[in-house]
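First the structure, in the form of C-alpha cells, and then the observations on it.
When the chains are written out, they are named A, B and C in that same order, and each has its own residue count from 1.
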Amino acid sequence: MARVTRVIPGLPLTLGYTLFYLSLLVLLPLAGLVVKTTQLSWHEFAATIVDPVVVAAFKLTVGASVIAAAINGVFGLIVAWVLVREPFFGRRFFDALIDLPFALPTAVAGITFSALYLKDGWIGGLGDHIVAAANLLAAYGGHPDLFSPGALSWLDLPFSNTNTGIVIVLVFVGLPFVVRTVQPVLQEWDAEFEQAAHSLGANGWTTFRRVIFPEIFPAWLSGVALAFARAIGEYGSVIFIASNIPGKSQIVPLQIVIKLDEFQTPQATAMGVVLLVIALLVLLGINGIEFWARHRQLAVA
Amino acid sequence: MRRISKSYGSSQALKDVSLKVNSGELVALLGPSGSGKTTLLRIIAGIEDADPGSGEVLFDDVDVSSTNVGKRRIGFVFQHYALFKQMSVFENIAFGLRSKPWRERPSKAVIRAKVEELLALVQLQNFARRYPNQLSGGQRQRVALARALAVEPQVLLLDEPFGALDATVRRELRRWLRKLHDTIKVTTIFVTHDQEEALEVADRIAVMNAGKIEQFASPEEVYERPANPFVFRFLGNYNLFHARHDGAPHPHDETETAAPVTFVRPHDVEILRENPDGSAIAAKVTHIGFAGAAVNIELVRHDDQQSIDAELTNQAYRDLGLKQDDEVFIRLRNSHSFYEDYAI
Amino acid sequence: MTGAPIVKAQMADVPAVRRPAKRSFVGRLLVALTVLFLTGFVVLPVVNVFSQALSNGIGAYVDTFYVPAPNPEAKLTLPERQKLSAERGSAELTWSSIRLSCVIAAIVVPLNIVFGLAAAWAITKFRFKGRVLLVTLIDLPFSISPVIAGLIFVLLFGRGGIFGAWATNLEWPDPTSLTWQGFAGHWWPLAFARTYDGIIFTPLAMVLATIFVTFPFVARSLIPLMDVQGSEEELAALSLGAGGWRTFRTVTLANIKWGLLYGAILCTARAFGEFGAVSVVSGHIDINDTMPLRIEKLWNDYDMQAAFSVATLLAGLAIVTLIIKSVVEWKTNRTQVAEPLEMEVKSDEHRSAEDQQILRLLAGAQGREP
C-alpha cells in the first residue's frame, strides 16, 4: 500500500482517523441527502421545482450570480493585473485586502453593504454627501448653499432592498476567486513574450488580446466559474440587502431556509439537490477547464 | 549484506546485489544515476525495505533487515543534509542523544561535552548557536556528519555527500572526509556518481550499473584492471578499437578468435614523430585543445578514418612541437580488451 | 487564501515587472480603477462597520454589551425602567451569543486541528491508493452552499430524518451548565443544570454544522506546506533513533507551526462567522444565537447600531486573520529565500504526477471556500 510504510510511522493511525472523521462528518450527512432525495417521489420533486415562486428564485439566483461572476471576471482581471504589474503606493495593503471577503463573516458583509447602499448610506446617498461636503467648504468661503441639494443626485446609488444590491454583495463575495486564480499565472508569465510582441509592432491592446489573454484564459475562466459557484450558494450576505419578496427577490438558499422553517423538508431537499447539482456541475466544468489547459500546455510543449 | 533485490512496480532497481564491507572500511558506491546506488544505501540504512523474502542486511553477521531504522545504529547523511531548520547547530547534533530512551540517555553535561567534541572534530566550534540557514553548504555538510556521528553508529552512510557543493569546497571536503575517516575509523559507505571522488577517497569502490554491482575492488584495481567495458567507460575517457579493423592494436589480442573490443585511455596513447618498428599507426592531428597541465589532441587514423583522442603532458606536447595537421604515428601503451558480447 | 502559504508566498514577493518611470495612460487608468473598486467594495464596507457601531458614541457602543444595573435609590419612571430592562436583556442576549460562539469555536477548532494534522500527515508522508480522492473529499465542503450544509444535518437528525426517531428522543446534558450542587442529598456534588432534547435546534447540531463548514481549513493550509518540505528531516530524525511522536513534535511541528497557526486562525474566524449552516439548525431560539445570528436579530429589530457593534468583533477577527496571513507569508518567504538549496531539490520535476495533481487541486481551487 505505502512505499515507506515501515519507516515513517503513523499511517494506520492518521489515515484511519482521517477516514473516520470524514465518514462521520461528511460522507454520512451527504449520504443522508442522497437517501432522502431518492425517497422523494417524482411528483413531489416536480411540484416543488415548477412552483412559480421557486422558479423565480432560481432565475434570480442564477441570473444575479451570472452577472456578479461577469463583473468579477472583468474587475478581477484588472485588479490582478494591476497588483502584479503596476507597482503603486499601497499595493501590498490592497493585495492583503483581496482576501477580506473570505475572512469577513457573511452576516457582517450583509449588514454593512445594506447600510452603505441605503438612501442615507455612504454610497446610497453619495451625491448628497458630496453636495453637503462641498456646501460646507463653500460656506467657509462665504458662499453658503453654492450647490443645490439635488445637484449630484445621479451619484446616489440606493441599491439596498433591490436586486441590484444582491448582485453587489455577490460581487463582493466572489471577488477573491478571479484575482487569486489569475494572479499566480500572471506572476509566472514571462515579460519577454510581451516585449517580443511589442518589438514586432503590436500595440498594448493587441498584445493583451492576442498574447497575454490566451495564456491566462483557463485560470481566468475557472476563477469566474468558482465565483459563480460561490454566488449561487451564498445566503448570509444576500438576505440582508435583498427585499426578500416571494417570487421577486428571494434567492434559492432563502427559499430552502423558509421551507425548512415551515417543516416542508421534502421541498427543501428537492431545491437543495438542484442547487448542489448546479454547484457540482460547475465544479466538474472547472476540472474540465484545468484538464484542458494542461493538455493544451502539453501540446505546446 | 547479501542478495538484495528491490523493485518498483515493474522496474527492478536492484537485482540480487551482494556486498560485503569490512569494518573500518571506507567504501564508495559509484554509478550513473538510476544505477540503484542510492536505493541500496537506503536499504542498508533501513529507510527503504528490500523486496520481501529477497535477502537480508547483516551487520556483523546479525540480521538487521527487520530492525527499525532508529535501532540499526547507523548514521545517515542525506544528500541535502536534512538539517532541522528550526534547531540550532548544537540542538541538531544533540538531537540523537536527546532522543534516546531515558534509561540510556546521557546527562545534560555529557551531551554538552559530546557535542562540543564533535563540533571540534568538524571544526565548527564557533557555530553552535547558529541555525542551518546561516551556514554555508560545506558547513551544513559537516554539521550533518557530526549529527550522524553523535549516536556512535556502527555504519556511517553518506548519500552523495558532496553533490550539492561547488567544485572547490568539494575537493577540500573530500580530503577532509578521508582524514576524518582515518581518525575515527567508522565503517563508511558513501554514494557518488563522480569517479574522481570515489577514486580519491574510497578504500574500495563498488561500481554499480542497472541494479547490479559490476566490480568491487580497490581504486587502483578498478581503474587499472576494470572487470568489463562498463567499468572502463565509467571511470574516464576512452578510445574504442574494434579488432576487425586492420592494424589491430594489441599483440596478445590477435590470438583470440572472437572479435574483441579494445579500450584505451587517452593518456595511454603515445604520439611519435617516427615509426621506429613499423607497428605504430599513422594518423593526422586534427585539433589541439590546450587544457593547462594537459593537452588534448584529436587525431584521425589514416587507415580507417577513425578519430582518436590523446592526452599529453604539457612537457611532452612541447617536446614534440605538435601543430595542427601534422602527420604523426601513434602507439598504445596500455589497453584493455573485452569480447564483443560483453560490450554494451 | 487557500491556506497555502507556500504556494502563495512565491507570488507575494516576486517583484513586479519594472515599468518605465513614466506610466502609460492606460496604466494610470487601471491603477485608479483598481483602487476605486477595492475602496468601494472592501475598504468602505469595513470602515462602515466601525463607523456605524460608533455612530451613537462610545457609550452606546458599550451599552450593546453591558448596561449597568440601575442604582436602587434612583427614582425611575416606569417607561425608563422598562427601557433599561429591555437594554439589559438585550445586552445579556448579546453576551450569551458571544459565549456560545466561543464555546462552538473552542470545540470545533481543536477537533479540526487534530483532523488537519492527521490528514496532512497521511496524505503527504505516504503514497496510497485514493490519495487524490481523499484531497477532493476534503475540499468538498467548499463547493457546498452553507444552507445545504445545515440542511443535511436536518435530514439526518431532524423530525422525519434518517436518524430522526433516535435523535429527537435523545436527551443530553449541557456540559457548559455543569454546576456545583453540594453533597446535601446527593451522592455526587456536580450536576448539569440544563439538558437538551434532540440534536437539531441545539448547540450540538450547530457544532456539527460548523465542523462541516470549517474542517478543510487546517488540512488545506498544511498539505501544500508539508508536501514542499518533504520527509527528509523526519527520516533524519528517525535514523537518529527518535520515535515517531518525538519526530512529529520536534521536527514536523516546528517546521509547520506558522502554517498551522494560519490554518487554525482561519478556521477560528470561519467558526465564529458561519451564518447559513448554523442558522438552519439553530431553530432561531434566542439561547441558540451565535454572534452572526445575534446580528441578524438585532438588524431585524432595526437596532442597526447594536448589530454593527457586535459586527465589529467579527470584523476585528477578520482583520486579525488577514494580518496573520501576511505575517505567515512573510515568514515562509524568508525561510525560503534563506534556503534556496532546499527548494531546488523539491522542485516539480522531483514530484510524482500524483503529487502534482494534489498540489494543483489545492492551488487551482484556491479559495474554493463557501
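In this text, a residue touches a chain if its C-beta (ideal position, glycine included) is under 8 Å from a C-beta of that chain, and two chains touch if they have at least 3 such contacts.
What you see is a predicted model; the values in this text were computed from it and never measured.
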item: B-C or A-C - the one linked by more C-beta pairs in contact; value: A-C
item: Chain closest to the middle, measuring from C-alpha centroids that were averaged per chain; value: C
item: Most distant chain from chain C by Cα centroid; value: B
item: Computed distance of Cα centres, chain B from chain A, in Å; value: 58
item: Distance between the centres, which are taken as Cα means, of chain C and chain A, whole angstrom; value: 19
item: Distance from the mean Cα position of chain C to that of chain B, given in whole angstrom; value: 54
item: Touching two or more other chains - residues of chain B; value: 46-47, 68-69
item: Shared-contact residues (touching 2 or more other chains) in chain C; value: 235, 238, 243
item: Contacts with two or more other chains, residues of chain A listed in rising order; value: 3-4, 7
item: Contact set on chain C toward chain B in their complex; value: 232-233, 235-243, 246, 250-251, 254-255, 335, 338-339, 341-342, 345
item: Residue ranges of chain B in contact with chain C within the complex; value: 45-47, 68-71, 74-76, 78-80, 82-87, 95-96, 99-100, 132-133, 137, 147-148, 150-151, 164
item: Chain B partner contacts - residues on chain A that touch it in the complex; value: 3-4, 6-7
item: Contact footprint of chain C on chain A as seen in their complex; value: 1-5, 7-11, 13-15, 17-18, 21-22, 25-30, 32-33, 35-36, 75, 78-79, 81-88, 90-92, 94-109, 111-113, 115-116, 121-123, 171-172, 175-177, 180-181, 183-184, 187, 191, 204, 222, 226, 229-230, 232-236, 240, 253, 256-257, 260-261, 263, 265, 268-269, 272, 275-276, 279-280, 282-283, 286, 290
item: Residues of chain C that touch chain A when the two form their complex; value: 1-2, 7-8, 10-12, 14, 16-17, 19, 23-24, 26-27, 30-31, 33-35, 37-38, 40-46, 48-49, 52, 114-115, 117-119, 121-123, 125-129, 134, 137-138, 140-141, 143-148, 150-156, 158-162, 208, 211-212, 215, 231, 234-235, 238, 243-244, 248, 266, 269, 272-276, 279-280, 284, 291-293, 295-296, 299, 304, 307-308, 311, 314-315, 317-319, 321-323, 325-326, 360, 363-370
